[in-house]
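Alright, structures below, take your time with them.
You will see two complexes here that share chain A, one where it goes with chain B and one where it goes with chain C.
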Partner chain A sequence: MRSQPRSAAADALTRTAGWAAVFVVLAVSGWLVGSVLGHGLQEVSWSFLTSEPLDAGRNGGIGTVLVSTALVLSVCLGIAVPLGVGAAVWLSEFARPSSRPVALIRRSLDLLASVPSIVFGLFGMVVFCQELRLGFSIAAGGLTLACMILPLVVQTTFAGLRSVPDELRLGAAALAISRSTALRHLLLPAALHGVVVGVMLGLGRAAAETAALIFTSGYVTRMPESLLDSGRTVSVHIYDLAMNVPGGEARAYASAAVLLCLLLIVNVAAAVLADRWLRHQTARVS
Partner chain B sequence: MGDPKLQTSAPDDDIAKMTQCDAALTEHPAAHSSDVFRIDGLNVAYGNRPALRDVNLSVRCQRITAIVGPSGCGKSTFLCVLNRLTDLIPGCQVSGRVRLEGEDILSREYDVFVLRRRVGMVFQKPNPFALSIRRNLALPLKEHRVAANEIDGIIELSLRDVGLWDEVKDRLDQSALELSGGQQQRLCIARALALQPEVILFDEPCSALDPLAGSVVEDLIRELQERITVLIVTHNLAQARRIADDVAVFWHGDGTGTVIECGSAADVFESPTSEITAAYVAGARG
Partner chain C sequence: MKQSRSNSWLNGDRWLERLLRLAAAMSGCLTLLIVAFVFWQALPALRDPGVARFVSDSVWRPTDETAPQFGMTPMLVGSGLVTLGAVLLATPLALFSVIVAEFYSSRTLAWLLRRVLELLNGVPSVVFGFWGLVVLVPLINAWHPPGQSLLAGILVLTLMLIPTVALATDASLRAVPNELYRSAAALGIGRGAVVWKLAVPLARRGMVAGVLLGAARAVGETMAIVIVCGNIVQMPDSLFDPVRTITANIALEMGYATSGHRAALFATGLLLMLTSSLFVAGAGLLRRRRGRR
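Entry: the complex of A and B
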């Protein structure tokens, strides 16, 4: 009987500690976002979003930088998402979970996910820029980022697929529904939220990357004419303005505010699209 | 607690009576040409761990055969062998002979796609797909290349068969997950029926439902018997008494399941030949 007040006190302590942790996390995030938007949004205008950087970025805008960023991220996601989802599907649905190759691949992915981005940058420079002769280019930068986020996409998609109850697989198999049909109509839709989270995390990491891109896509600010042109992404632009350009802080904040808003918009759009697609899938008359 | 009568593993002499099951079958009307399934010397193991040993059983056409026995004696494993869902379990080895109307379904040549269309299965926990009610039935039909203009008719017929049509006819495009547990289980039965199987395997279909929903499903199974052969695994001896024509009692000796008695429900329940069966049906064991 004496333990009851003690357990109530422990519960209260746990609850308070939990709330405190949530408060600290929210406060730090809010401070960070508020500071960036507060300092940066006043510089953001339509001409800032559409014009070319001038005077090493102190003047002008980030139009060409945004185009380069979009191209680098498109190459990155265009390679990483199909490869990552395909690998996760194989690992989850076709390979024997306890087999040695699967254990080896999963361990390699864990290892790759923890490799610092500068190492990927050096790898990208040697393999894509030099060996494959892509030079400092958007293609080389996108491919390097694809290698970097691939483990993340595989791991989150794999986790999403494994969280689908086995009853669904057995139910489909008992009706002689093929694995490919079950994957397309039942398993991948059920795992879609996991896939979207993985892709968004990967996108966030890729969009925030600087070290790997300085070595691979370069930092030229002019408008790229093809994927083989060099291009500067927003994160590289922010780094350059903050570190190398005296008087560039205001434009660095403005660029950071734009990057933050873009990531927020893409995240919300992906979640809304995934929900709509799922609703459509549920009700679609075959 | 120390009462030897409460032990759950069968003594050797009772296990030895398993062979009597075959003898009983020979005298039983089951052992003639109207057998749908004929199982001889079936052994199943998960890796090095045997799960079923030397199972011999016949299943009569258009009858309800109840599989009863304590937990862990291989009843569900046995059911999964009959439509080769065991193929999906890594490390599961099946040997012996299982003939469906004379054809050995365990042979490599036997098309598992055809088998699962002929032998449907309904699981303990309702497992509707996260699709609309209509698509839950349409997806397997499309997979089995049923003509598009026949699908709506089959859906209506199947839902009428399980008494669900009037409840759902106005919301066929709503998610099946919005149905109650009992309705979901009837939908799963309708989904299995839509493929017009010759046999349906029920793995404790009422145990996850409330008593009222369970009794609706039980009545439904009884009605199905007029045109389909039914095998039902149940822990509920009263249910087995109510609906079964034939009964097979599974038991485990040394951690391995086997059949210790089988025959007509009247024989098994009123004059069992095995002491274990007598104690089990009297409620003293298991």
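Entry: the complex of A and C
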């Protein structure tokens, strides 16, 4: 009997504190996204998206910066996706699940996922820029980001493959279908959602990254002529405008709005795909 | 005929397996490679001046030609305070929002809250930093100059940690079996007691894991901090003093650092890697144990 009022008081207190927390989280998130998009989108126009930055970025647009961003991301995905998917396929389909190498590789990828991005920047600077003599370049930046998103690609692809029912593998083996054929026509198509979600999440993380790029792909705003040219990505552009360019605020807002919209599209697409995949899975089980 | 066909199939498979095994081996070795390279670059600084002088030297003057000084205590304190402050603020905010989403709100609001948290999770740190600089810093400056300060860093970082902690907490609250809630309802136990005596204790490990993941993110965060913290190497006397963190120091100085200075920066990189991997390993351990139970 005595616990009844106390519980009611705890309930009321929790409710009040909880709604306050929800209000703070929603309000501040809305404030952030609203002010970036509100200030930024008025500046965004076709010419902003296609012209070169002028006067250290105070004027002009972000055309060349967008090209560099696309190139860095292409290098990153071009390396991380085949490597990561290949590794996940081996871990899931070829290696014995409880064997030592599998445990070691998965543990080491977990560790890799915990490395702060600035440390990837240090690593990329030494290995790609200096040892491999790529200099400050789009290639070096892309390779550094590839190392960073590799664990994400491996983990999601692995999860996708593990969710494929074993009947498919047994059926393929019973029909004497070779493992490569089974992979191409059965397992990878069945796990495609996992792969795509992993690639999208990796793309989102890579596009958001700044710290790993300032010492690898550099700050140059010219139109890159090859992958060995330095080129700044949108996130590096925002950083440079915020830190080093007095009067760059308006353009920084606009660049931030563009980056935020791009990431919104990528992340929402990944979430929708993952959601559909999950529903598909549960529908099949029930 | 039949024999040779199955042989060629086998060969195709064998080549594929070799290729895939190579990919897996490369992925697995990458971590080792990163640790090795960062350690190799840090080695000169670990030998001379040595780790002890990182703490015992009183000032940070690594470029001085005659007597370089490597005291990074203020930056270690800066990193620690920013991380601690952000974790202390983000944890209750995340916990209470998730409790509301799970126990007190309509489905629509819970859905909205989750989407907002996911959205916040995808916002780049440089955008958090820029927003902090143009919105929060002027407000703090009006209250107590100069604005770019420990407080600004803590507030921006709090915002970045909320989704990390909240999404992990949400996942572990959802993992509490539904039968327990039904039994609690059947016994007429009030909602407050269900939340604090049943759900939170059962989901505690997952929550702590989420907080540890948040701390790992906070320790390694660079861009947002470097933009809003003011970057002056000093022991902060109050929340309104500018500070420089270890990560900000790397971002600011690596561009021009050479020899001993550079090696010292790599040594701090090694320290960052160590700290955040400890947090993440702790989180992993908690999660695995929960899985076993």
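What we mean here is this: the second predicted complex is superposed on the first by the 227 of 286 C-alpha atoms of A that agree within 3 Å, B and C clash if a C-alpha of one lies under 4 Å from a C-alpha of the other, contacts with A are read in each partner's own complex, and residues count from 1 in each chain.
To be clear about the criterion, contacts are C-beta pairs under 8 Å (C-beta built on N, C-alpha and C of every residue); 3 or more make two chains touch, one makes a residue touch a chain.
The model shown is predicted, which means the values in this text are computed figures rather than measured ones.
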{"item": "Touching partner for A:R100 - first (chain B), second (chain C), both, neither", "value": "neither"}
{"item": "Contacts of A:A190 with chain B and chain C, given as first, second, both or neither", "value": "first"}
{"item": "Chain touching more of chain A, residue-wise (chain B, chain C)", "value": "C"}
{"item": "Touching partner for A:A174 - first (chain B), second (chain C), both, neither", "value": "first"}
{"item": "First (chain B), second (chain C), both or neither touched by A:H280", "value": "neither"}
{"item": "Overlap of chain C and chain B interfaces on chain A (superposed complexes)", "value": "176, 178"}
{"item": "Complex interface listing, chain C residues touching chain A", "value": "6, 9-10, 12-13, 16-17, 19-34, 37-38, 41, 92-97, 99-101, 104-105, 109, 112-113, 116-120, 122-131, 133-135, 159, 162, 166, 189-193, 195-196, 216, 219-223, 226-227, 247, 250-251, 254-255, 265-266, 269, 272-273, 276-277, 279-281, 284"}
{"item": "Parts of chain A lying in touch with chain C, wherever the complex brings them together", "value": "3-4, 7-15, 17-22, 24-26, 28-29, 31-33, 35-36, 82-84, 86-87, 89-91, 94-95, 101, 104-105, 108-123, 125-127, 147, 150, 154, 176, 178-180, 183, 204, 207-211, 214-215, 235-236, 238-239, 242-243, 249, 252-253, 256, 259-260, 263-264, 266-267, 271"}
{"item": "Chain B residues within the chain A interface of the complex", "value": "83, 85, 88, 90, 112-117, 120-121, 123, 125, 127, 129-132, 134-135, 138-140, 142-144, 151, 173-175, 188, 191-192, 195"}
{"item": "Chain B partner contacts - residues on chain A that touch it in the complex", "value": "96-98, 165, 167-178, 181, 185-186, 189-190, 281-286"}
